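What follows is a structure written as structure tokens; I'll ask about it next.
Per-chain residue numbering starts at 1, and chain names A, B, C and D are given in the order in which the chains are listed.
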């Protein structure tokens, strides 16, 4: 196996770096790391359900974290379950509720076509156990049509899972309306929302929305990796999907990751301090990046909606005639860190199911690049990115045979 | 809900503290934390399967961590799967192999009576799906009888899971012999071992042992929480038990916890630097603690074997006539942090299944206290613990009515 | 299996645990009673000195957790100077409240303490062959019943685990 | 679904990706061929200038990942000065090796480049109506076949996703 360290030497460390790949992995700001530090070895390093001082200190972290998150979501009598990731929370929501199902006549699970794989794949697994997965298509900006949802739900429907904000194209669903449609039709249908990309970016009021279950992931809001949450309303029954020694969590066995929770707590606190101001600033940077790209680079398609219906942190464009992975590498050598919607599989490039779902062609999907603005970005960061993107795309287009005149046949 | 912070004020911070509860939660030494720090926001904060510099740096951590662990275990062509905990690794081993089972005639899963709940409970869950769980009893020191194992395995046997070292009483099984018995009888029976309490404490050579799957947990060797590993031999087929977006791990979706992996890597490196010397020192401290307790406190039972067959870090004694939780609290106020084998449930104290399995009575189990020595303990730490344990037990025995003369009837 | 809980006691429980009042066997007790069992993990023994229907003195011994010790201790404080009738009226909720609250998982400690007290009162009246006062029901009170249930529960558990107590 | 891989390229792939040789359309090429498809995410176009059975010059264009670009570039380097027969004998493994190794998931890039080259050679011989040399098999070579398969694969994927390419 080739060592990545050699490759990194060839790559070099760019003199200026702007990280815009918060979709895939958030970095953790120093003030959040500082909050974690004492919990590794100064206090709260114990087990939160053991009766010794470091254990009680650990429990204090759980207690205060869940209380804080509960307040930001207006959660009153539901439960916030601690897992290790958004992926785990989504699995627990979907499979855990399915395992606890009592009414076998309900077997339909409805999800939008642009859900994260950690929602779609668990639902697909349930199909092996007698459930039926129904996917609602979205329009060309990623919105679920409320009337179509209304038409799809029936007395067989067990659960609906529609994310609050799409992770790739930033579409903010009208969750309140969608929940209302489902609940007015049938109170018993469980409504789950994956809010991994919505939490701390748009206001979320669990009580007002009438949501039954909600997924949150720490590293998506500048918290450390290792924490996911699942909110479960009091009236919803779920079962464990993992077995072991229970600590304080009824539905996720094993010791809680207390330092990570302390960091997450700080990340939440920071995100909700001057929430509106932060979000407004992000929107300005977002629009500057979108406008700058469209202005400076020809043959670009914006993926997802514009304006208030787009998440404040999301920018996603397709650069035509060039391929995503080479764009990410080209930009990486220039210190601009982004990701592409397409993933390389053994034979072909697998295009993003989200980009396809909004009606893009394969080759449009292959050139899609995702940027996520964070509250730590400066105007200078965005301008730097905008100074690098046009020449990067330009260079790759020089290499690419696409988008030019028809191939001239030439034979001597 | 009562705030734990008020309680902590009443408890006070003892002037000297000795943490001996590494069974339930390990603390993370500063040199391990330091190794994690850059990965939060300096380098490698990206997603290890995304082609940008922070992503490649993240991958470098995975690559070097698995390489290092592989070397310490003498793993050659198997796979080391990254999960978030030992609990998750055990679940993946047992349920993942069961899901991939092709021969439906094999349905017996044999585990020892003293396995961790994260082995026993997944196996019990499989009973709902046509498997049969068979528990091998252990002798009064916790050893599995090889002849009994031989008698239990048959052509119906799908898997055997026996831990390398017991987490509560430190019994070191003769794994090599047990694996040999199973494999000589039938090569196809999968042998899994939960090595959470064995790794970095006793030598483990995967190839020599002939183990098919092995579980490891980071926080049990002074690494951070958030990392578990499962070794899976090349010839063993398993299936995912969690669904989502795959990064570099075929069997555990979601982004890898890179800072935690960097810390774990350092913890492994530290544990295997002067391994023999560290372990010898732990044994000296272990024996000093055992001997000191037995010498200074009457009515004490040692749980588990003595000498070379006992894990170098494990001390477990039952203090008769007093109850475990009050011992842990009493010792906590004295700065000695331990845990009890019994766990409080709604009505009664649930005795440790391990302590019961070695033939202890309930009231003996209730007074069982577990101490774990770490390489960071000094002789002074152990002497301090030994100065606090006798008066703590003495005080609680003054309160307890047990162990005295028969209750005198008195009526005026 | 239920979750382990972190047992967030009130500061008061911890304070009493550290400095229990009325601790120890009473040589000249009018009555002694016991509730719980060693196998269950908690035993409370209550000693009362009674004169003219009034509790002059009370003491306890406890095998069990911090809540158990604190509940027994505070109950002995609460009954001193009370008439038997007044003592009988004490509910486990009052004891829990007096302790500054108990985690739900520890309610049984308060129940056991009150169960032990009621047993002592019933036993005293029985043994001294007094007429049953009208405040003393023939049927077991809730706390006495629950203490009994706990004592019986352990036998079921032993059976489940296949061994004699 | 397969795992995404981190694509640990050799330093050389990255170096060539940054500074590709023989880039761009060749105005006076003797033959041009293409392999792959935009929908698949990679296209390699190869231009050869051939005289007296010898490749005098070669250039490429590439739509695809870094490995794709590097493979095409290095292949054009490798064929320059070679006879058509020598060029035909180049295997995709040699190209991968010349690149300092490729991650397994990127072997297809090397295959596509060699497939494109072989197509060019075959086409040149076809179009110039030369006699088929004995080193040129009638059946498609492995690399030409795999390029074709990849081009066809995308139609199956489109069908699966219910849309026309």
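The rule we apply is simple: contacts are C-beta pairs under 8 Å (C-beta built on N, C-alpha and C of every residue); 3 or more make two chains touch, one makes a residue touch a chain.
Bear in mind that the values here come from a model prediction, so they are computed numbers and not experimental data.
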{"item": "From chain B, the most remote chain by mean C-alpha position", "value": "D"}
{"item": "Chain A and chain D, separation of their C-alpha mean positions in angstrom", "value": "37"}
{"item": "Whole-Å gap between the CA centroids of chain C and chain D", "value": "86"}
{"item": "Approximate Å spacing (C-alpha centroids) for the pair chain A, chain B", "value": "33"}
{"item": "Multi-chain contact sites of chain D, meaning residues that touch two or more partners", "value": "1-2, 4-8, 66"}
{"item": "Numbers and ranges of chain B residues touching at least 2 other chains", "value": "1, 3-4, 7, 11, 50-51, 55-56, 58-59, 63, 117, 121, 325, 329"}
{"item": "All touching chain pairs, where touch follows the definition stated at the start", "value": "A-B, A-C, A-D, B-C, B-D"}
{"item": "Residue ranges of chain D in contact with chain B within the complex", "value": "1-8, 66"}
{"item": "In the complex, chain B residues that touch chain D", "value": "48-51, 55-56, 58-59, 63, 246-250"}
{"item": "Residues on chain B engaged by chain A in the complex (per definition of touch)", "value": "1, 3-5, 7-8, 11, 13-14, 17, 19, 21, 24-30, 32-33, 37, 40-41, 45-47, 50-60, 63, 84-88, 90-91, 116-118, 121-122, 124-125, 219, 224-226, 241-245, 253-260, 325, 328-329, 331-332, 335, 337-340"}
{"item": "Chain D-touching residues of chain A, taken from the complex the two chains share", "value": "1-4, 6-7, 9-11, 117, 121, 321-323, 325-326, 329-330, 333, 342-349, 351, 356, 361-363, 366, 398-402, 407-412"}
{"item": "Parts of chain C lying in touch with chain B, wherever the complex brings them together", "value": "1-2, 4-12, 14-15, 17-18, 20, 23-32, 34, 38-43, 45, 47, 49-51, 61-66, 68-69, 100-101, 103-106, 108, 124, 127-128, 150, 153-154, 157-158, 161, 163, 165"}
